[in-house]
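Some structures to go through are shown next.
Here come two complexes built around subunit A, the first alongside subunit B, the second alongside subunit C.
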Partner chain A sequence: MRAPEFSSNTLNAISKLLAKNPEYYTIWNYRRRVLQALFNREGAPPANLIASDLQFLVPLMVQYPKCYWIWNYRMWLLDQVKTHLELDQAVQFWKEEVGLVGKMLTRDERNFHGWDYRRHVILQLEELQQVSMVESEFEYTTKMIRKALQNFSALHYRSKLIPRLLSERNASNTDRRKLFDQELDMMQEALIDPFNQSAWFYHQYLMSTLDCAYPAADLIITDLLDSDRQRYLEQEIERIKEILEDYDDCKWIYQSLLQYHADFAAYVSTPKDEVGQWLSELQRLDPMRSKRWAHVQTILKL
Partner chain B sequence: MQAESLNDTDWDIVIAGTGLYQSLLALALSRSDKKVLHLDKNSYYGEAEAAFSLQEAEEWVKEQNNSSASIENLSPSEEDGPKLSFPRAYSLALAPQLIYTSSKLIECLVTSKAFRQLEFQAMGSWWLYSASKDSEPDSSGTPAEASGNLVRIPTNREDVAFSDSTIDLRSKRSVMKVLRFIMDYDNQEELWEGYKERPFAEFLTNHFKLPPTLVDLFLALTFSPTCSSQTTTAFALPRISRHLRSIGRLGPGFSSVIPKWGGLAEVSQVGCRAGAVGGAVYMLGSGISKTESIDDSTTLHLTSGDIVRTKHLVANPVSLSSNSSQPSQNSSEGTSRSISIVGSSLPALFPQLTEGAPIPAGAVVIRPAGSFPSETSDPAPVQLIIHSSETGECPKNQCIIYASTPASAPAGPSLLDAAVNALLACIDNPPVLWRMHYPFVPARIPSDAGDGVHLFPAGMSADLVFDDTILDRVETIWRALVGDTNAAFLVFEDREGQAEDEEDEYL
Partner chain C sequence: MSLASGPGLGGSSPDMLWADKHVEYIVSLDKRDDEYEYWLTEHLRLNGVFWGLHALHILGHPTALPRDDLIRFTMSCWDASSGGFGAAPDHDPHMLYTCSAVQILVMVDGVSVLDEPAEPGSSETKRMRVAHFISSLQDRETGTFHGDKYGEPDTRFLYNALNSLSLLGKLNLVDVPLAVKYIDSCSNADGGYGTVPGAESHSGQIFVCLAALSIAGVLDQRLKDDSKWADRLGGWLSERQISTGKGYGGLNGRPEKEEDVCYAWWVGTSLVMLQRSHWIDRPALRKFILSCQDGEHGGISDRPGHAVDVFHTHFGIVGLSLLEWSENKDGEASEPLGLEEVDPVYCMPRSITKALSRTG
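Then we have the complex of A and B:
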C-alpha cells in the first residue's frame, strides 16, 4: 500500500489484516478513509457498502467482544448512515442495530460495552424518529431481570429509566407510589436468595430515593411526607428481618439493616442492643472487614 | 446392496440387532479395521428403540402377540375438528427418553463427530399434576375423577421468584433454600446422612419443614418411576442435582434434550450409518436361527438360509433368538406404556422458557402416586412426556403424549388413560385421535452366553431419562472386541469432507 489506493481491493486487504489483529487501530482509521473515498465515488450505493461493512464486523465482534476499536468503528459506520442515507433507510439500519445489541446482550448480559452501546443506539434512534423509547426499554429491563436476577447492568439501566418513564407518563402521585411499591415487591421476590448482591444494590437505590436530599428531578415519589418515609422504612426493615428467619449466614442482610439504620436514623429507631447484635453478626460473617465494622461501631456510638 | 451372497463368509464381529446398544457399538467400531456384519431380524432399525409410522406401529403390535398390546383408532368421523393424518405423517418413538445436557451421551456424540447428523431439541417445562381434593362420587358410588391443575415446577431462582402460582414469599424462600442445598448436597453429607435410605419426602419435611405441596415439587424433579415412599434420599439427591446442573449447559432455560424425528431411534440410525461408512455390512430382515460354537469361532445359521462364521457375536436376548421364541422375562420390572396422538398442539404446555431460549419441543408432566381417587394399594406415579410437532413426530396442530407407569401397578393401561385424560381435561379437553398400549418388560440376560458371545440388555430400563451406564456397557464390550485398553472411547477425527465449512451461528 505505497500510494494511497482507495479501492475495494484495498478494503479486502484491510479486512484480512483486521481479522487477524483488530487492536491495530491505525488500520481502522485507514479503513475509514477508504470507505469515505468509496462513498464519494459514483456507482457504489453507500447503503450496500455500509451494510456489507457492518456484516464484516459481526464475526469480529463475536470473537473480540471487548475490543474498543471495533465498537468505535461500528458507531462511526452507523453515523455515516445518518449522513449518506434517507431517513427511512437510516431508521432501518438503526432498528436492526437494536436487534443486534439485544442478541449480544442475551449472549453475554454482563458485557458493559453492550449496555453502553445499547444506550447509544437507543439515543440515536430516538433522535432520528423523534420518538421516546423509554417504555420499551423499561420493558426490556424487566425481561432481562426476569431472565437473570443478578443482572446488575439491567437493574442499573432500569434505575436510570424510571424518572424519565414517570415523567413521560405524566404519572400521578398515586401512580408513582404504585410503581415504587411494585419495585420494592420485585426486590423482595429477588431476595428469596439473599446472596444476590445486585438485588441489594437496587433495593438501596430505591431506599435512597426516600432521602430528603435526593435530587428532585430523579425522585420516584414526589410528594413524600416524613410519615411516608417512616412507614416505608419500617415496612422494609421488617421484611428484611423476616429473611433472617431463614438465613443466619448471609452478611448482606445485616449490612443492609445497618446501613438503613445509619442513613435513616431520623425516621426509624432500632434499640441499640439490636443494632449491636447486627454488628457482631457482621464481625462473625465478614471477619475480613473487622476493622471496618469496628469503625462503624464507634461512629454509631455502640 | 451386495452382489455376493453372505453364505460361507467369515467375520471378526457379527452384531445382531440394531437397538441403541448395538448401534452405539457400531459407531464405536466404525474406525476400527474389524470386519463387521450387522444384522437385524426386523425390517426396520432400532428394535425396542425404533420409531414407527402408524402402519408400522400396527404391524409391530400384531407381532407382539401380547394381549396387553393394542391400538385404538379414535379419529372422529365428523368433517370438522382434528383428524388423524396419513400414516407416514407420524414417527412415534418407542424410546422417548430425555437426555440430560450433562449426559455422557452428548459428549460422546460430539467427540465421535456423530452429532453432525443429529438435531437435538430442547425439552421444555416440567409440570406437576395436582388433583383437587374434593371429588363427588358419581351415581354408582365410584369417586369421580377429580379435576386437577398443572403447576409449573420451578428449577432456578428466577423460576421461583417469578412463579405464577400462589406460593407465598416464605414458601418461596424455603424452596430456594432446598434448591441451593441440592446444588451443593455432596459437600454437606452430614446434613442428610441419617436420611440416606429413608424416603426423601421425610427428609424434606423434617429438615426443611416443607409443606406437602412443595415436597411433591421436588419429588417430581427426580422423575422416578417409583412412588414417593420408595424414593430414598440417596436416590433423589443426585437425580435432582443432575437436573439443576444441566440447566444452561447447551443453552438458556433447559436441562435436557431430545433428538428430532423419533427419539433415540435417530441415534440408532446415526450409529448404524457410521458403521456402514466404516465398512460394516448391513442386513435387515435377517435373524439368527441357530448358533454353534466350533473351535475358536461361532457359526451362525441365519434365517435367510446363509451360514456365517464369526470370532465374536454381539447380541441381546431378543436378537439372539429368532422370532418365535420369547426369552425369559423379568415381570417384576418393566413398565406399562402408551402413546396417544392428541388433536391439539397444547400450547399451554410449552411456554417460552426464558429470554433467548430455544422453542421447547417437549414437556414433562408428572402425576404423583396416590392422586387417583380410585387407587387402592400400591399406588404408582404416572410419567408423561409430551412431544410437540417440532419433533417431526406428528403434523402441526397435534402432539404426542408418551405415558409410562410401573408394570407392577394394577390396571396399568387404564391408569395411563386416566392420567392422559385428566391432563387433557386441564387444558381445554382436546380429543385423543389414536392410542397405542404396550408393555415393556426387560428380558433377562442369560449368564452363560458362551465364549465369543457378548450380550447387551434388550431395550432400556423403566427410567425415562437416558441412563449413562448404557455407554459404559457399550465401552466394555468395545474394549473386549478391539483389545486396546488405551484407546479413547468414541473419540474420532472428522472424516475427509465430513466437516463442512460450518457457518458459525453468529448470534
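Then we have the complex of A and C:
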C-alpha cells in the first residue's frame, strides 16, 4: 500500500474490500492508518468513529468467527478508546464488549478466539476500573457448563479462575473444602455420561489438589492431611466404580482408575489383580493407544 | 503459488500415496492466476510458496519449482525499510511471512542473497535488517512476540521468531531465557499450552511451544527431569485420535472437536518431540491422510470428500513423513512411502537442517 489517501471515502472503499475478504491483513492496517489520521482531524469525534467501526465489524465477526485479523483489529480499536476517550466513556465501550463476546460464545461455545477475547476484555476492564471481576466470570463458566457439560473451554477457564477466586475471597480452609466438594459433585453429575472426556480432564485437574508435588499456589485445599487425601481418594474411586456398574464399555473409567492408582498408590491400595483387570479392559477397549497402555503397565510394574 | 482450493475432492483409496499427482498439483498451482480465488488468497502467497516447496522437498522433487523465480518472488515481498516480509509484494511486513521467507531461502540454498547491503551503499546487510525486524517484535518485559506493530502477542509468533532467527544465526539478538519463561506461563494443568497465559490448550499452540523450547535448547532436559509432565501431555495429545465413526484414525486439535488432516502435523510432531509418537495408532492415521487425497488431480483435503488445497496437501505430506520416519525408528515399518524425512522442530527437510547444524 503506497501513497495513502486518508478520508472517510477511503474508509468506505476499504469496508467494501474487507467485507469481501477479511483475511487481507494489509487492508486492515491501512484502515488503522486512515482512522488514526481522522482522529487527528477536527470535525469527527473519535467516539463516533470508533463506535461506527465497531459496528461495521459485527457482521464480519459473525460471518468469519475464526478470522484472526478481525479479532486483532477489534482489540486495536478498543485500545484506541483508552488513548482518545475519557475513562468513563472508555469503560462503557469495553463493557459492551462483554455482551458481544457472550453472544459470540453462545453461537459457538468452543471458539477459542472468543474465549481469548473474553479474557482480554475482562483483564482490560479490571485494569481500567481497578476492580476484580473474578466472581462474575466464575458465574459465567457455571452458566456455560450447565448448558453443556462437555464444554472443555469453559472448564479450562474455570480451572484458571479458581485459584484467584479463592485468594480474593480470602477463603478459609472450610470454604476451600466446600468449593472442592462442590466441584467434585458437579463432575459426578457430568460423568453420568462417562464418554465426556472434558469432564474427565477437569476431574484430573481437581484431583491434582491431592498431589503433594503440585505447586501450592494452584491448590484448592492447602491444609490437607494424609487422612483427608485418603478419604477423598476413596470417595472418588468409589464414585468411579459406581459408573462402571452401568458402563463396562467406556475406556475413560478404567483409564482414570489406573491414573489415580498410579498417582496416589501411597494413600489407597488396590489388589494387584483388580488393577491388572482394569488394564486388560483398557487394552481391549482402546487398542489404538495400546503402546501407551503398555507404558502404563511398565510404570505400574504389572 | 495459488491457494485456491480444488479442483478435485479428497477421497481416494487409503492404500497408496499418489506422489506424482501431488507434485503435478503443486507445480500447477502457479498457473492458476486467472481464477478469482487466486486473488482472494493473496494474503497468504508467501506461506503458500513455503507449503508447496516444502511438500515438494518431502516428495523428493526439491527442484520442481525454478530456484531463481523462488528467490526473486521471495525478495519481491521484502520491505527494506522495516526489514520484514509481507505475504506478497507491497503487503505489510509480518512475522508469519518473514519466517516463511527465511525458510524458503534456506530450502533453496539462497539465504546468501541476504548478505547483500540492505540498500546500495549501506553497511548493514539485509540479513541484519531482517533479524532486527524479528527481534524488535519481542516484548522485552514478558518475553513473548507480536506478529507486527499492530497486533496482539501469540506463542505462534514466538516460535516463528526463534525458528527464523536461529536459521539466520542471530538468536543472540533476543532474550531466549525470557521467552522460555513466557512459554512456561502459558502452560495448563493438562500439560499443554495456549496462545497467551490463561488460554486453553490447543494442539497447534502445543507444537509451537514445544518446538520453541527445543530451539531454546531446554526440551531434552525437561523430558529427562519431568517424565510425569511428558506422560500427561502425551496422554492428552494421544486422545486427539478419533476412534469411532468416519473420522476414524484422524486427529482433532482439542477435545470434542472434529478431525482434520493438518493435526497430523501439529499433534504428530508434538508427540515425536515428546518421544511418544507410538502412543497413537500410526497406521490408522496414515490411512486417514491417504483417504483425503484426490487420486486423479492430486492434492489433499482436510477430510474425505472436501476440496483439496495446498495447506492440507502440505500438512498431509509432512504428516506422512513423520509417521514413516518415526515408525522406522521404532522398528515398525509398514509399506514404505519413500518420503524424505521432515524435521519435527523446524518443519523443514531434515537433510537441510542437519547440514545447517554442521556448518552453524
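Note that in this section the second predicted complex is superposed on the first by the 299 of 302 C-alpha atoms of A that agree within 3 Å, B and C clash if a C-alpha of one lies under 4 Å from a C-alpha of the other, contacts with A are read in each partner's own complex, and residues count from 1 in each chain.
Here, a contact is a pair of C-beta atoms (placed from the backbone, for glycine too) under 8 Å apart; a residue touches a chain by one contact, two chains touch by 3 or more.
The model shown is predicted, which means the values in this text are computed figures rather than measured ones.
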Simultaneous placement of subunit C and subunit B on subunit A, clash or fit: fit
First (subunit B), second (subunit C), both or neither touched by A:192: first
Partner chain in contact with A:72 - subunit B first, subunit C second, else both or neither: second
Which partner, subunit B or subunit C, touches more subunit A residues: C
First (subunit B), second (subunit C), both or neither touched by A:228: neither
First (subunit B), second (subunit C), both or neither touched by A:146: first
Partner chain(s) touched by A:126 [first = subunit B, second = subunit C, both, neither]: neither
Contacts of A:107 with subunit B and subunit C, given as first, second, both or neither: first
After the two structures are overlaid on chain A, angle v-u-w for subunit B, subunit A, subunit C in degrees (C-alpha centres, nearest 10): 110
Contacts of A:58 with subunit B and subunit C, given as first, second, both or neither: first
Superposed arrangement (fit on chain A Cα atoms) - minimum subunit B/subunit C Cα distance in Å: 14
Interface residues of subunit A shared between complexes with subunit B and subunit C: none
Residues on subunit A engaged by subunit B in the complex (per definition of touch): 58-59, 62, 100, 103-104, 106-107, 143-144, 146-149, 188-190, 192-193, 196, 242-243, 246-247
Sites on subunit B touched by subunit A in the complex: 157-158, 160-162, 169-170, 172-177, 180, 252, 354-356, 504, 506-507
Residues on subunit C engaged by subunit A in the complex (per definition of touch): 40-44, 86-87, 90-92, 94, 148, 150-152, 188-190, 194-196, 198-202, 228, 231, 234-236, 238-239, 241, 243, 254-257, 276, 278-281, 284
Subunit A to subunit C touching residues, read off their complex: 1-2, 20-21, 23-26, 28-29, 32, 72, 75-76, 110, 112, 115-116, 119-120, 150, 152-153, 156-157, 159-160, 197-198, 201, 204-205, 208, 213, 218, 286-289, 291-292, 295
